[in-house]
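Next come two complexes built around chain A: one with chain B, the other with chain C.
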Partner chain A sequence: MSVYIKSSAVISSFNSFGSDVELNESADTSFIQANEPPYSDYIPRNLIRRMSRVVKMSIACSSKIKNDSGISDYGAILVGTGLGCVVDSEKFLIQVSEDETSVLSPTPFIQSTHNTMAGQIALLETQHCENMTYSNRGHSFENALMDGMMYIKEGRDNVLVGGSDELSPIVKELHQKLCLSKPSAFLKKVGEGAGFFLLSGVAEKGKTRIEDLLTFEVNGKDDFKNKLEKFILKHDLHSGLDLVLLGAVKGKIDPFSQILLSLLSDSIGVGTFKEVSGEFHTASAVGLALADKLLQGEGFDHDIWVNRPEKTRPKKVLIYNNYLGHNHSLYLLSV
Partner chain B sequence: MEELKGKLKEEIIEILNLEGMSPEDIGNDQTLFGPELGLDSIDALELIVLLEKNYGLKLKSAEQGKEVFKSIDSMAQFIEANK
Partner chain C sequence: MKKVYVSGVGIISALGVGVAEHARKLFSKETGIAPVSILPTKHRAYHVGEIKKTTQDLAESHRWAEFNDKSRNIVLGAYALSEAIESAELNTDQLNETGFINATTVGGMDKTEVIHGQLLAQESVDLSTYLHHDCGDSGHALGNHFGLNGFRSTISTACSSSTNSIMQGARMIKLGISERMIVGGVDALSLFTFNGFRSLQILDPDWCKPFDMNRKGLNLGEGAAYLVLESEESLQERNGKALAEISGYGNANDAFHQTASSEEGNGAYMAMNSAIENSGLQLDQIDYVNAHGTATPINDSSEGNALKRIFGTKIPPYSSTKAYTGHTLAAAGSVEAVISIIAIREQKVCPNLNLTAPIESINPPAQDATKLSIKHVLSNSFGFGGNCSSVIISAV
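So, the complex of A and B:
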């Protein structure tokens, strides 16, 4: 059974909440900040003040999907996050450290629950279906998506799946330190954002179809190459592929992405989504939203292209992502 | 006293994350836990922490809390009387 993307919403340096949104370019070149929509348009005002940004991003995306699709009953709600409500977790831990647990304010403690997004969406939308927030480093979103695809294959419909992460001062600092221990090709601006999708098993003309999703770890470059070759052979990607969207940045294609490109035809279009999303655990959710946008013929004005695809509306797209050289994933999409 | 009331309003807006509000939006005699501000029991805990951390003051009982947290006026009076 195939899985289709019925509707999607994204918050990154670009977002899908208005038309013609400019990229949010931070003055600080070390990170990419999300271009957030006005949350009061999507979340009751009295609830906003008790939500961390990562929850607000998730709820705004799910609310946009509900408005766009007209679907208000979900088969399941599944969200992936690498670090969850990390800003409030940091606030809480700093308070514990500074005040030695004597006078702790309750709000950062309550909001530091890090795997809360799916539950909060379910509560706000009064949904009684299964909800689960996955937190598995660079595969957090992929595991949520894989679970969603399995629900569809079991016969559920309208499964809401998303990935979401927020930036904090400590995350920025740690990311920079982590990058310094990696080969320079893995150095990227750290980012934040959310990508949400309504999955369906019912074919609808023109909607993006998720043909395959593969997640894996590798033991060296040869192992990586073998895994790619099997995937390429399985789907016959030597022909018919219009575009590869890499979780990389233009000037610094990482060694794994370079291996992938060496196995594919030179005529295939190549784009880099971390140019606009930055690096974070669930950046692939933004990559998938961008691929869906391109497959739906919406285009993307910003320069992410290493090799601009010949077709303005690609029909078949491969996404490859890794998180700082680990947690590899491949998505094959078509329309 | 007016300076203290202004400071209290700013602290409350920041600590309770009252987005879109400014000190001018909170009247000195306005009921803090009434329908307008919509504060709840978690906010009451935050105000207790605020008094203890920023002013070194502890409340003796829940009954006293009800009196002290009635309004900005009552909070300022309590701080002035016990500093």
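So, the complex of A and C:
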């Protein structure tokens, strides 16, 4: 059973909403902010004001997919998020920490639940289908995607899958402190964003096909290498692979990504998506959307290349990601 | 179609530690709910379903030294998980290939609350504490401690979270992705959730009264419960014993409001309906319904209406056990799945507590531990975001 990406939408330091979108480059060295589209084009105006950014990014992505695909009846709605509605959570926590006995506004509490994004999509489109939210660190999005692939196997069509996270003042502050106190090969600029996908089991010419998704934890580098070798052998990746997209940054490729590169042919193109997304629990949703763009021949203007691929339109792409050296994942995609 | 069996269960809640203590208290109508004693809130008179030991005491009494400075979720989870593993009699090798789907909504909120206090006071912050904030933290800490090295996931769909983890585990076994999964959830009391529900004015400061006309709201609770799910092949191979079967599940979205349920209970109706369809059972085969029954004015009337739409005038004996444990949020589904298995084992309905004037829209809930032939139990969990889930647990 194959799973195809019928349509995708992404918001990161780049987005897929306009035709000439500039990269949102911040002078700050510790975080990368999302380049948000004009929300009023995608979300009812009366609702925008009340929604937090992570909800707006998610709704904008699902609306764009609806506009592009013409489909608004979903087989299931499945969202992954690492920190959920962290800005509203912080707002409510601050109220509680300051004075628990004062009159507390319930609004940020109501909007703080992790399933707000999936719930709001269901509410806006009146979708009663299965609705799930995964919050599992660097595998939050992968859990949602795997569930989507399971629903396709069970015979559903048009399954909406997404990953989204937002930056908050406290996340930024603590991350900055962490970067200063514990320099490590895995620490990157912290980021935010959303990537949403409409999955189908119906083959459509030219659409990106998800051949495999593997999520795993490792016990040391040898165990990691063994697991990679098995995956490479299973899919015969010594030939035919055009590009590997790493959840890394150009100048500071982490040790696990280095091991992967050592196992693949030197002529393969190598790109680094966290160069533009930054690090967050669901950054791989941005990575998948970027890979989908490249496989669809849309190209990408920004310099993410360690080794620019020979073909301008790759046919087979491997994504490898980890979160702070844990929560490893491999995606094999083709057209 | 492949069958999915339950081969082990574990539970901790305000009722106590373990299945035996839960069974004893449920059938002798003894509640675990009392005024606050551990939670560091100023609202001490509120009644909550609290486990009356500090996190450190709980960790130390099991000599889980590595959990001493960890979130309460991890320690509560460890109690329920160790019982589930022992009752299924799983060895290290079997655990190594077992998948784990945890469910939580608060994650390490108790630790985050400490950090926020420090940040506000401009004190120095222990950064490692912040790494326990996210919902994924407890699942990975527990998975690592107990050597559960198969597939791992964490679900966070508010109060339906652990019912969804049961459904996901069962689907993975049916699809042949995994042969054995541990599923369930955990949520500790936190200032965040306690004050959240208080600010929404849906907490009853006294004992909650599910399905009573004068119900005022819920009592917040805390706890954890896990179930070991296995395929028939896996049970046969290791000579394991089935305690129950997961025979159906359903998940639907109410698509009505971010927090409130629709009056006619659309989501609840669809979730129950899809669970019953999924099980292939007839309506009259459902012997007992463990209702979501939070005791908020909206939930109980909406759920009652949905029950009436499903069963008509023949609603099976039903009750809410929230007046024993409090509403344990993400853990509620697995806590009540374990309670449903207790009801099947003892062939008794769990009595609904604190009822003086039962709601009139449907027949009143069961108030006595009546002896009854119970083969199939329907258990409901509904949450914020319109998430509604139902699971059917059957005798083997």
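Definition applied: the second predicted complex is superposed on the first by the 326 of 335 C-alpha atoms of A that agree within 3 Å, B and C clash if a C-alpha of one lies under 4 Å from a C-alpha of the other, contacts with A are read in each partner's own complex, and residues count from 1 in each chain.
Quick note on the criterion: a residue touches a chain if its C-beta (ideal position, glycine included) is under 8 Å from a C-beta of that chain, and two chains touch if they have at least 3 such contacts.
Here the structure is a predicted model, which is why all the values come from computation and not from measurement.
Superposition of the two structures on chain A leaves chain B and chain C fitting side by side, clash-free.
Using the contact criterion defined above for the overlaid structures, shared-chain residue A:46 touches chain B, although it does not reach chain C. Considering which of chain B and chain C touches more of chain A, the answer is C. In the superposed model, chain B and chain C sit 70 degrees apart as seen from the Cα centre of chain A, a figure rounded to the nearest 10.
In the superposed model, A:193 lies in contact with neither chain B nor chain C. In the overlay built on the shared chain, the residue A:110 is in contact with chain B and with chain C.
When the shared chain is aligned, chain C comes close enough to touch A:281, but chain B does not. Chain B and chain C never share a C-alpha pair closer than 10 Å once the two structures are laid over each other.
Within chain A, the residues touching chain B in one complex and chain C in the other are 104-106, 110. Taken together, the chain B residues at the contact with chain A in this complex read 15-20, 38, 42, 45-46, 49, 52-53. Looking at the complex, you find that chain A touches chain B at residues 40, 45-46, 48-50, 99, 103-107, 110. The part of chain A that touches chain C in the complex is made up of residues 77, 82-84, 89-90, 92-98, 100-101, 104-106, 109-116, 118-120, 122-123, 125-137, 139-140, 143, 147, 150, 153-154, 170, 173-174, 177-178, 181-182, 215, 217, 281, 326. Of all residues in chain C, only 41-43, 105, 107, 112-113, 115-117, 119-120, 125, 127, 130, 133-137, 139-140, 149, 151-158, 164, 168, 171-172, 175, 177, 191-192, 195-196, 198-200, 251-259, 266-267, 270, 383-387 touch chain A in the complex they form.
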